[in-house]
Structure formats: structure tokens, C-alpha cells
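Shared between the two complexes below is chain A, which has chain B as its partner in the first and chain C in the second.
This part shows the complex of A and B:
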């Protein structure tokens, strides 16, 4: 048994909401008739996509072809989705397991409230990566996210899990973070870790605009950093450039304005 | 075009019809007397139950706090989405649905009017825009007065009854309102000076006047102006055990003037029993039964998740600790009143919630005159309005009611008299409390009945023993003569109207108000006042007569 390749029939047009089009549905058959919403209308999946078998079993390959696809992999629990292009909003939102690989960029709220599984975005993710959806008190609570770059509020109110950003992140990264880990290889914008309670934000360089409310906690050699580096390198997601031997970290503790004990770890190598 | 609705069993309490088989004739959106000519269309309704469109006298459907509740509870809009494909436009939500969904869900239950009972003056324009966006149902707003600084200053300065009535009349007209509401009179203002409790005879901070004086002055102004609906009062100490005393005090405070007490269930608590929380429904019902100038709506709670939204910052600040999920907002609004939004989940296994449920039902069953008690859940505070069919079943079916009671917290039956109440509402009584009575109370002469001249808002039900199923999905709903719902499914959209009063008053008061606006308020008087053209693009305002002093 093979996977399924979906190729969008039309470029552009109104956004297509792919909620419910998940690898776990492949086994049921009847994928072609799944209802999806395009703009204001509800249509069958095969009206918008050309379907053909292909790829490994349990894998869904999407070729957006310029169409805007929202909610790709939202709520997925198993299997794999590969997007050969860009995604719209909510990619992998509420994901519980499986893997979602986006070869281009994706929009806002990627991995929002993610609970498990793995999201990898080769290009840039929009704002609210791993953040809560509107109305919720908690963001991401498990799983791992590897992206090239990210917009504002990456990891906002994050509860657990890992976000690794190869390049730059926007403002308010890790704001109101409850726990979990964020790794940033490039520049981080203003408001970094603002009002964070716990959790760790690893930085390859000093924050350009340090957030007030963090106290200097000295330099440390931390065993977990080396373990994390090996793990992420194995996944091809260690964002720092130079090969290391012995990582040290300057620890900034905060955000003290809310009594937080989170940490910004600025890494250096010996 | 003449349409004949033939052979239905007509429940029209305003015309004294209680299930007699008869015909209705509809022409140009109105009910007409039998013209004796051949109808263009005949719809056979033999065996069906026919009523006027239902009217919700108290339902928070628009305005600042409703939007704040929508923002705060965004997750329930995600959980219950309505997609754009049908007539109802995209939206969703349960406790505070989006505008189109509100209109559609009301219409699907046979409601053709709902009134926003807490319109703050400074929010009125927004509330009107939002109500105009709700399709299918008629709307209107009750203006919240009694905590606004202008009114309190006027009262504290010793202004006479005439000047106060002029102010109230000017405000009603300027904000395009239908009635006067007062929320915890004096209490919201006292809250701003850090007070957490205010009884009827306590002297408030700053203006040094008692809630009793505020109440008496507002009730007198409403009568003097001849506004049809009596002062619509959200009383004192909402939700606090023992608040029945304050409720009875507030009835006494208006000194025999007409008064409507709203969501009385939340104001009918005693302090008896081991848990210091008991039902005082009997005391309230006795008072209602012997006071013909008094009407109430119940504000029944139903179990499940909802969100409470109220101008009563004092009560909402007290409730904030019970927020579920844990998030809430309390704020001041332009010195007019306040706003508190606290999500809440009523649990049937929790003693307090279960007893609240029983107290509401006791009120329904103990008040004998269905013309003076209205069916409400104080949407969304007690429950979303979509729970009305279930509530009707509880009122009409004693066995069902007792079965439900048996599922609740085990201590509840011993703390209330609900098990001993045998009354079952009849269809005629339901038609009274949901149609004829609210229309009469609000002064809507052409709604809530099916006599000649009435708007052809007609609902056709199949008489089913399961009253919930019956009232959940009417066979047909007509709005102004147009078929909008068939078998519970929307078939057409229609626009509602906005009901207002424009009581006569001395325009000289405007100069005084203008000076105060210039000195203190965030907007100018000219911007504050809403012109008739702004309501539904100038099309759809219905003005109702005021009869000064006529009670």
C-alpha cells in the first residue's frame, strides 16, 4: 500500500480549509469525498485536488501549487504529511502525533497548542508559532518544532515541548512562557521571555534588546546542553553554526517582574 | 397576496383563544380579518399548534459586554463553528453566538423578537449596529440608568421629579431605547469607590444618596413619562445568600409603582439550613401573587458551560473567583455603569447550582399569573437561550422534572419544595408567558398576538408529547408573513425591526446635559445622540406610544 499525493487543481483562489484531511483517514478509503471548505463553500476534496497514489504508506503528500491551504495537519495523531510548497495558517495546530514537513513557509499559528509529534518548516513560520489559539490560556504542551525562522510571539504561553529556530525570531518570543524549551540560532526581537514563569530559551548570541526583569545568574557548564546539542544535531536541527566542544552558558533568570524563574541561556563555546 | 393558514389550533391568549381550531389570514405581512375572498394560497394546518412568534424579554444579545464575552470565550466559537455556506453567514458559539447565528437560532425555535436588557448609553450606538446585524428577529434595548454620574448628580442636587423625568426621557430618545433598566442602582457607582456591598438603605459614597431614593426616582420617572414597560430592575446583592431581604426591600422602595424584577432566581436566596443557602422562592412568589403592579422574569439556570455578562461590576467582582475557565474581565464604561464578564459552568452535582435550578423552577410554578412572569434564562448568564425548549419541557412535564431532580445533588430535594409542586404549564400558559405577556408588558401592540392588524409573526408546531422536541423544531415560522423556517431549517432571511419609545420631555434639559458632556464625558452630546437614520439605515424603527401618567 502506498501513500497519497494531492495536487491542487487551481493556483490561488480563496483559502482552502483542509481540516480533517489527515493521514489516519487514508486507511478508511473515501478520502476523495472528504468535505473541505473553500472560501464560503463546502466541496469534495477531489473537486479541488487531483488524487493519485504515491509515496510511502501512511504518507500524505500535498502539492499546493500556489493555492492557500489552511489547517494542514491540524489535530493529526499519526502518519506523515509532506507539503511540497507553502502552507497557510494553523499548520499542525493541535497536533498530537505523527510528522508534518513543510518544504516552504507557513502562516500564523503553526503548531499552536500542539501536544505531540513533530513539525518541521524548512522556510519561515509566521506569528504565534506554538502559541495558544485565541481564548486559550496555554500554548504548545508537547512535541517538537523545527523551523528556519519565526515571526512574533513564537512559544507564547508554551507549557512543554521544544521549538528550535535556525535563524531569527520576531518579538515577544517565549512571552508568558510557563515551561518548555526554545532554541534560537539568530537574532531575537524585543520582549524576549517577557513575563515568563519557567522554561529555557537558548540563544546563540546576546539579545539585541534585553528584556528588563532578568537577573544575571552567572556562567555555567550545563550537562543538559551537550545532550540537547547531540539530540538536535541528530535531528539536523541544532541551529548554532560552529562545531562545539564544551558549551558554556550565561544564565539570565526571570522574568522577575512576575516572580518568574525561567532562564535565558546565552551560549558560548570553549 | 392573501394567505390562509387553515384549520390550526390557535393559542392566542391576547385574543382569548386557547387551542380553538380556526383560520388565520395574512396579507402584506399583517394578520387580517377574514376578507371573504378566495385566498391566493392556503396552507393546511389541521392538527397543528399555532402561536404568535415568541418574544424574549431579557436576553443579552448585543453591546459591549457581549463582545467582551465573545473575545474572552473565543474557544467556544472555535468549538461550535457555523460555516458560511448556508443562510446564516459564518460565525458560531454557544453562550454568546455571533450575530447571524443568534438570529438564526432564535428563529429556528420560533422566536421573532428578543430585547437587549442592558444597553449602556455610551455603548448604545454599537449595540444598535450589532442588533441591526442580527437577522430574522425584532430587537430593542433597555437603557441602563441609576449609576450614571449625570443622573446621580441630578438626584443629589435635589432636582424635582419633573427634571429627572426630563433627563430620563431625553436619554431614552437620544439612545433609541425601549425601556429603562437599572442594575444594582447605586451599587456600581459605589464599587468605583471600592465598596463591595450596598444595601437598599445604605448611603452611597460621593453623592450620598441611598439606592432606595434612586429606585423611587427612576420608577416615578418611568411612570411620569408613560413608558409602557415598568422600570426593569436588576436588584441588589445578586447571587448572595440572604439577598431575598434586599429584593423585598426594593419592591417596597417603589411604593406601589409598577416594577419589573429581572432574573429573580438570582435574587431569591435565603440563609436557612446547614449550608446557609436556601430557597426563598416562596416569599418572592407570594409577593408577586399579591402585587398586581409587579412582574418578574426568572433567569433560570441550566447546567453546563456558559459565560456571565453583566453591568453589575460589584457582583461580578465577587464572582470572579468562581470563573471557569479561569479568566474574567471587569471594567468601567465611560462613567455610565460598568461591565463584568465571568465564564461559568453550572454543575448539576454541585449543591449550590442544583438548588439554583430548583429555585428557578419553584418561581415558575408558584407564581400563578402567567401574564406577570416571563420565561428567561437571562441569556447567557443562567444558560444560553437555546435551552428554552428544555426549560419548557421541565415546566410542562412534572414526571420529567422529578426525574431530572433525582439526578442532581442528593441534598437538594430536602432543601426545596419543588418535589411537592404538581403544577404543569399548559400550552396556553406557555403562549402567554412567551408571547402575549411580554408584548403587553413592553407596549408592543402589534406583536405577541394573532388578531387583525398584528404583524404576521406566526409559528406552527406539531403537538408532540415531548415538549422539548416540539419547541425545538417548529414546522413553520413566519416573520412578517414571510416563511423563514421550515421543519427547523432556515429557508429565507428577513430583517427585523428596532422597537423604541420617544417619551415627551422638556427640551430645556438638553442645555444642562450639554454642559455636563462638555465638562466631563468622553464624547460630545451631538455625537452621543443617535439619529433615527442610524438605526437599520433609517429603515425599521418602530415607535411605541407613551402614555404619561397612565397607570
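This part shows the complex of A and C:
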């Protein structure tokens, strides 16, 4: 048994909502007739995509061909989706398991309220990466996210899990964070960790605009960083060169303006 | 059965199911690994009075540990999961967390979990931090030399306690030399430990005694100084007996350890003053596991 390759028939046009088009549905049969929404109309999947067998079993390969695909992998629990191009909004939102690999960029709310699984975005993710969906009190609550760059409010209200950004993130990264880990390899914008309660934000560089409300706890050797380094290096996501010696971190504790016990860890090597 | 002039009695070691776990202790230097591991496995020779039986399984190279530092694998066994959890919490809390630069990880992940850092985290007084890394959960507990890093849980396995054999020697030197060789051989077997001092027991016991409340008392049948006064099981020419008690993560580990130990003893032969090897049992009525010496050495 092989996977399935979906190639968009037309470039452009209204966004296509792929909610429910998931690897776990491949075994059911009848994939071609799955309903999808384009703009304001509900149509069959095979009206918008050319379907053919291909790829490993349990894998869904999407070729957007310039079409805007929203909700790719939203709520997926198993299997793998590979997007050979860019994605629209809500990629991997509410994911509970499996793997979603986006070879290009993706829009806002990627991994929003994600609970498990792994999302990897080779390019840039939009705003609200791993954040709550509108009206929800909590963002990401599990799983791992690896992206090249991210927009504003990455990890906002994050409860659990890992977000590793290889390059820059926008403003308010980790704002109102509840727990979990965020790793930033590049520059972080203003409002970093603002109003965070707990959780860790690891930074390869000093924050350009330090957030008020963080107490400087000095520089330390923290053993858990070695475990994180090993784990992230295995995933190709450790934001620094391979260390010649042990890892140290300057620990900023906050946000004390809200009684927070979170930490910004500015990494360095001994 | 005779091997190299040493008689192997046609008997068996009777052993019991126990709950076991493996912990990995690391520190900045081998010295501090030893300090933590030896302390946490102290006073852990017998469940009769110590609560658990424990020993260092083997020392670990930095490449073998989760944090790339020197380490030790430690095995602990107790009669129940609850008792094991209690002993793990006490020993890690008092002996590992207190030791300079230490960290403690689960050495196995298959089996029902018991708290490790989950119980110790409260020492952090609210400043402890949970961290999930690579699918595993850890606690970072602030301590005076940095942080104590401890995995949240460890897994419990169905182990075996009380594998044993006796070395019957012509004199103390003969039985000691043979026992020391057996200890070296057994310590190379993965998944097995020798919880008694130096790996050897000289005060083997029988069940009960003449005094009320005694769970166990000296094994009179193997005490050379009582020969003639009690029904003795000592052959002529035997003046010193030492016992090796083995706990293992699996029956196979206990069997392999017994084979390695007895093999080392008999390789010294009767010329070294080793007369016989036998084993302790209760007639097969109490323990679920029986390790027949002839089968072990076949």
C-alpha cells in the first residue's frame, strides 16, 4: 500500500480549506469524495486536486501548485503529511500526533493549540505560531515545532511542548506563556516573554529589546541544557554551532510584573 | 557433579519475585558518582531489615549517560512496588540529591512507573521547573551548587531476589579467595547485583529462631563451630562457608550470574581449598524461582 499524492488543479483562487483531509483517512477509501471548502462552496476533493498513489504508506503528499491551502493537517493524529510548497493558515492546528512537513512557508496560527506530533516548516511561519485560536485561553499543549523563522506572538499562552525557531522571531514571543520551551536561534522582537508565568525561552543571542520585569539571576551551568542540546541536535534544530565545551546560560527570571517564574536563558559556551 | 575436583551439590537456590528498578546517577567526576551511588546503596543488603536490596550494577562511561558525564547504573529491589517507591524517594532524596553535581535518571523505561523526581520536586519549594525533553519529563530542582536534575519517574520491573550459592572451603582464606573471584565474575553480568558487603555474606540465615519475634537466625547447619552440636550440613574438611546472594532484573540474569560465579569458583579447583558448592532453599515451598545448580552449570 502506498501513500497518496494530491496535486492542485489550479493555481490561485480562493483559499481551500483541507480540514479532514488527513493521512488517517487514506485507509478508509473514498478519499476522492471527501468534502472540502473553497471560498464559500463545498466541493469534492477530486474536483480541486488530481489524486494518484505515491509516497510511503500512510503519507499524504500535497502539491499546492500556487493554490492557498488552509487547515492542512489540522487535528491530525497519525501518519505524515508532506507539503511540497507553501501552506495557508492553521497548518497543524490542533494536531495530536503524526508529522507535518512543510517545505515552504506557512501562514498564521500554525500549530495553534497543538497537543502532540511534530510540525516542521522549512521556511517561515506566520504570526501566532503555537498560540491559542481566537477565544481560547491556552495555546500549544504538547508536541514539537521546528521552523526557520516565525512572526509575532509565537508561543503565546503556550502550555506545554517545544517550539524551536532556527532564525528570527517577531514581537511578543512567549507572551503570557504558561509553560513549555521555546528556542530562538536569531533575533527576537520586542515584548519577549512578556507576562509569562512559567516556561523557558532559550536565546542564542542577547535580546535586542530586553523586556522589563525580568530579574537577572546571573550566569550558570544548567545540566538540562545539555539534554536539550542533544535532543535538538538530533532533530537538526540546536540554534548554535556544536559546542567546544559546556553550555552556560544567563538566566533572567520573570515576568515578575505578574509574579511569573519563567526564564529567559541567553546561551553561551564555556 | 564434580568440576575440577569441586563437588556441585544436586540442589537448588530458591528465589523470590521482587520489584526492581534501575537508576542512572551521574556527576561531574567519577569520584562524585561513587560518592552518590555508594551512599544511596548503603544499608541495602536485605529486605528483612533494610527495606530494599541495592547495589551498583556497573559504572558508566560518559558516552553511556544521558548528560555525557560519568555515571553509575544502580539496581534496587523491594518486596512491593509501594515499598520500592518509598525506598527510591528516600535514597535518591537523601543520598543523590545531596551529593555534589549529581543528577538522577531512570535507567529503564519499560514497566509501571513510580515517582522519582515527581516526589522530590517539592524540595524546590515552588521554584522547581518541569521540563519535557525528548519525550521524557524531568524536574529541575534548585540547589545550592546549581540545579538537581531528576527524571520524573522510573519504571518497575518484575525482578528476582535471593538467587544464591554457598562456597564451602577448607578454611577462611580458601572460601574468601574463591568468593572474591566469584564476585568479580558476577559483577560483569548485566542486570544482576550482589547487595551484601563486598558481594559476600558470611552470616547466612535460616527462617525463624528460638527467640520470639526473630524472622531469621544464623544458619546453624553451615556454622563450622557448631559441628557436632547441631545437625550439620558441612562435609568433612570444610571449615569456612561464604554465601553469594544475587538479585536480578530477570531470572535469566540471576542464572547467568550464578553460572559466572560458580564457574569462577570451580576454576580455582580443589587445589585452592574449595571443597564444594551448594545452595540455599526452603524445600521449594516458598519461592517461585528455583535455580538448580546442575542445570545452571550444564
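Just a few scattered comments:
One rule holds in what follows: the second predicted complex is superposed on the first by the 266 of 270 C-alpha atoms of A that agree within 3 Å, B and C clash if a C-alpha of one lies under 4 Å from a C-alpha of the other, contacts with A are read in each partner's own complex, and residues count from 1 in each chain.
Definition applied: a residue touches a chain if its C-beta (ideal position, glycine included) is under 8 Å from a C-beta of that chain, and two chains touch if they have at least 3 such contacts.
In this text, all values refer to a predicted model and were calculated from it rather than measured experimentally.
Taken together through their common chain A, the two structures put chain B and chain C side by side without a clash.
By the touch criterion defined above, A:226 lies against chain C but remains apart from chain B after alignment on the C-alpha atoms of chain A.
Once the two complexes are overlaid on the shared chain, A:41 sits against chain B while remaining clear of chain C.
Contact comparison for chain A: of chain B and chain C, C touches the greater number of residues.
Of the two partner chains placed by the overlay, only chain C lies in contact with A:179; chain B stays clear of it. Look at A:136: by the touch rule set out above, it reaches chain B but stays clear of chain C. Touch criterion met: A:200 reaches chain C, while chain B stays clear of it. Put simply, chain B and chain C get as close as 24 Å, counting only Cα atoms, in the superposed view.
Listed in rising order, the residues of chain A touching chain B in the complex are 37, 39-42, 133-137.
Chain contact summary for the complex, chain A toward chain C: residues 160-162, 179, 181, 198, 200, 220-224, 226-228, 230-231, 234, 261, 263. Residue ranges of chain B in contact with chain A, taken from their complex: 71-78, 83-85, 90, 325-327.
Interface residues of chain C, counted against chain A in their complex, comprise 66-68, 103, 126-127, 129-134, 138, 140, 146-147, 149.
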